[in-house]
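Below you'll find a set of structures to go through.
Two complexes come next, and they have one chain in common, chain A, joined by chain B in the first and chain C in the second.
Coming up: the complex of A and B.
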């Protein structure tokens, strides 16, 4: 942080339940290295106590504070003012898209959590399995015991908000869920999740816009995982063409 | 709100304590409404360091808190496993003053029955190559890291399964008082819809942590809670696997905690009056950086990812900051102030939230004449995601 101060106008999209939304400006004096979420909390504390927003950990582990900042999905607790505007500039804050708005910046993510729960998305994994596909697993080799960590996906919903396919199809499983299936399932091992993925609302609905990976604040790279899952499913289909099941053979 | 003839308890605050208390009381058959002006864990709870304490940090100066921690550490690992990275912690000595603390540390740790293993410095460095190589002594303890929001949500989700209601973004503005001066409910402002809602209850539990003094003030009673914030800085690389503690009297910036892909250093300790917004200052961030580099020099190659502040609710006495106990206290305002229908729970650590809830629920049961045993010690919590599946209230 520095001693420099900028004047920045925050234009926040406001909405009370069921009434029309409107935009409200707040002029703030900020430190350019301050995080957006801290400014929003300040607006609530000193300017308008009716402002509603979600937040908890303030350091990108909980995924509660996702919003659209100047039209781009951001985890506001780790987004510095400097990275989105300049002195005298404006910052537009909107709720995430593709979720129903409860009020102001708070959206209803219940369907999103339901989908993750349905596929039993992992929360904690052994260190070696918690990495990106193809990522070099260079953790020190320990002779005794194994380490674990909370997985990369913080379930913030930014990928759903950025996804043009989710915008047009509410039944689409969405990047986070498909990424969780990719991470949790070996082919042939968990048929239920693979069936969900190998479906018109699964990996085949994705139009490869890659917006999910562009906005993901947490290294999940859902788009790459979706492509990887497609490859695995296709491989399985092609293999099954050449190796008929014993039952099928009997029926002929 | 209450559609049954079960006693209705209103809990103010959906941080760790409020959510855990909702879980405990719902299991004991109460009708529960939790009112929270923000979101789940949007105050102190969300902004905790995320350290699942073994109690080792407090074993010398604050054995009461240490004993609570080690017991609850084991319990949380049993009931809330999906929210926890459990890789253990290491206390390291880097200078003579650290070494001089070792004897009292071992004595304290043994008297609190915390499992400890002395490690050879070479062995520690083989496991944790990013640590300061000048380690003089090292001890392994059962520390861990947790995800704060998910831990609170897991308690809240389980309480919902047992019938509890949550009113988020409902700010308590007044306490309702009956003709005899008893607290009989809360007047809230629903910030989603901008309307006022009154909720009647048989008992109001003030579980607002650092804000407990303010809510108690609405009832005209005093709670000696001293909001004591500390700063945390998160870096963008996971440089250690164990929680790294400096082997010395608890001080500023002496814990580096691995969490997801990050390393989080904390913390400081000072007191404030207003807890609604506490700025993070440059000096504190610089101090954390220096301290973090002393423990894990590789932090120099990492970048700051976040910096945040949270206000511990410490129970006041004549001493200041670091010397205040981390234990918790439950106040029966009938006993202390002659106000019935109102209890306050505050103090404590995230690690001890279940025990705090148990004690509060015991008190509520006693006061309402309900005979029910606490069942939260063994019962595994449901998936935190289910909090959202049961609707938003």
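Coming up: the complex of A and C.
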């Protein structure tokens, strides 16, 4: 932390369920290296105790503090003031898009969590299966033991908020869910979840805006995973055109 | 303004504020597609007029030489070039090829489009 102090106006979108939203300004003296979430907490503690927002870990692990900062989806616990404004500037804080607002900055993410549950989104996978984008999928298994890696998605919902397709379609599975299906789908193995991806509300609805990958704070790169899943599904369809169906083979 | 997804929010697709390069390409592709579709209908109506007789044809040729129509032609060709080149990028990345280079591909293809539009401009306004 530095000894420099900035005067920054935080304009927070306030809304109670089903009531009209409005914007409320709060002038704060801040350290430019502070994080947005610290300032929101300060507003709650010293200016307005009725302000509601979600937060937990303060180190980008829980994914609870996702909000829009100056229009862009951010995890507020790792977004420094100096990265979004300057001395005398303003910071607009809004709830995530494409989720119903429960109160102020808190949105209802239950449908999103249910979708992840529905596709059995893993939290931990063997190392050779939980490869990062760009890594080789079939890494050799180390003989001394099976290593596991935490799956990167922290279920913050920023990708859904940024996605232009999710803006107009509530039935779209969404980037995080499709990335989870891709991650759980091994070469040669086609789990039932792939049916949810190979669907008009699955990978084929994505319009290649790549906003999900741009805002993802956790290196999941959902857009690349969606495109990879598309290629796999398409390859599978093309192969099935040239291979005999089991029923036909049985009848011969 | 409702925060829930709705087809009525489609107009927000065209808001480029706080959006990334991928969305700019997404917006450009939609605007050029709408423009080209509108042009197709205008084109068909004009062709229908030409079939009415030689005097209509001569009138049309005189009209087509007006600078404002030439600017329109340039806009149509520019939209076609941009839409086609961006379409190549969308088709490639949409099937999982070069997804990580989608931004670079967009910049390169739009440079190519600018060059193509410049050639069309020279042909329409300087050489004709």
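The definition used in the following text is that the second predicted complex is superposed on the first by the 231 of 252 C-alpha atoms of A that agree within 3 Å, B and C clash if a C-alpha of one lies under 4 Å from a C-alpha of the other, contacts with A are read in each partner's own complex, and residues count from 1 in each chain.
Just so we're on the same page, a contact is a pair of C-beta atoms (placed from the backbone, for glycine too) under 8 Å apart; a residue touches a chain by one contact, two chains touch by 3 or more.
No experiment lies behind these values; they were computed from the predicted model shown.
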item	value
Clash or fit (per the criteria above) of chain B with chain C on chain A	fit
First (chain B), second (chain C), both or neither touched by A:88	neither
Partner chain(s) touched by A:62 [first = chain B, second = chain C, both, neither]	first
Chain B versus chain C as contact partner of A:234, first or second or both or neither	second
Residue contacts with chain A in the superposition, chain B compared against chain C	B
Chain A as apex of chain B and chain C, Cα-centre angle in degrees (nearest 10)	170
Touched partner set for A:223, first chain B, second chain C, both or neither	second
Minimum C-alpha spacing, chains overlaid - chain B and chain C, in Å	17
Doubly contacted chain A residues - partners chain C and chain B	none
Complex contacts: residues of chain A adjacent to chain B	1-3, 16-17, 35, 38, 41-42, 45-46, 49-50, 52, 54-64, 77-78, 102-103, 106, 108-110, 112-114, 116-117, 123-124, 127, 139-140, 142, 147-152, 154-155, 218-219
Touching residues on chain B, where the partner in the complex is chain A	38-42, 45-47, 50, 81-87, 126-129, 145, 147-150, 152, 169, 171, 191-194, 232, 234, 238, 241, 258-262, 264, 276-277, 279-282, 285, 305-308, 383, 385-389, 391-392
Chain C-facing residues of chain A, complex	21, 68, 70-72, 95, 97-101, 107, 133-134, 164, 166-170, 172, 207-211, 214-215, 223-224, 227-228, 230-231, 234
Of chain C, residues touching chain A in the complex	1, 3-10, 12-13, 17-23, 25-26, 90, 93-97, 99-100, 102-103
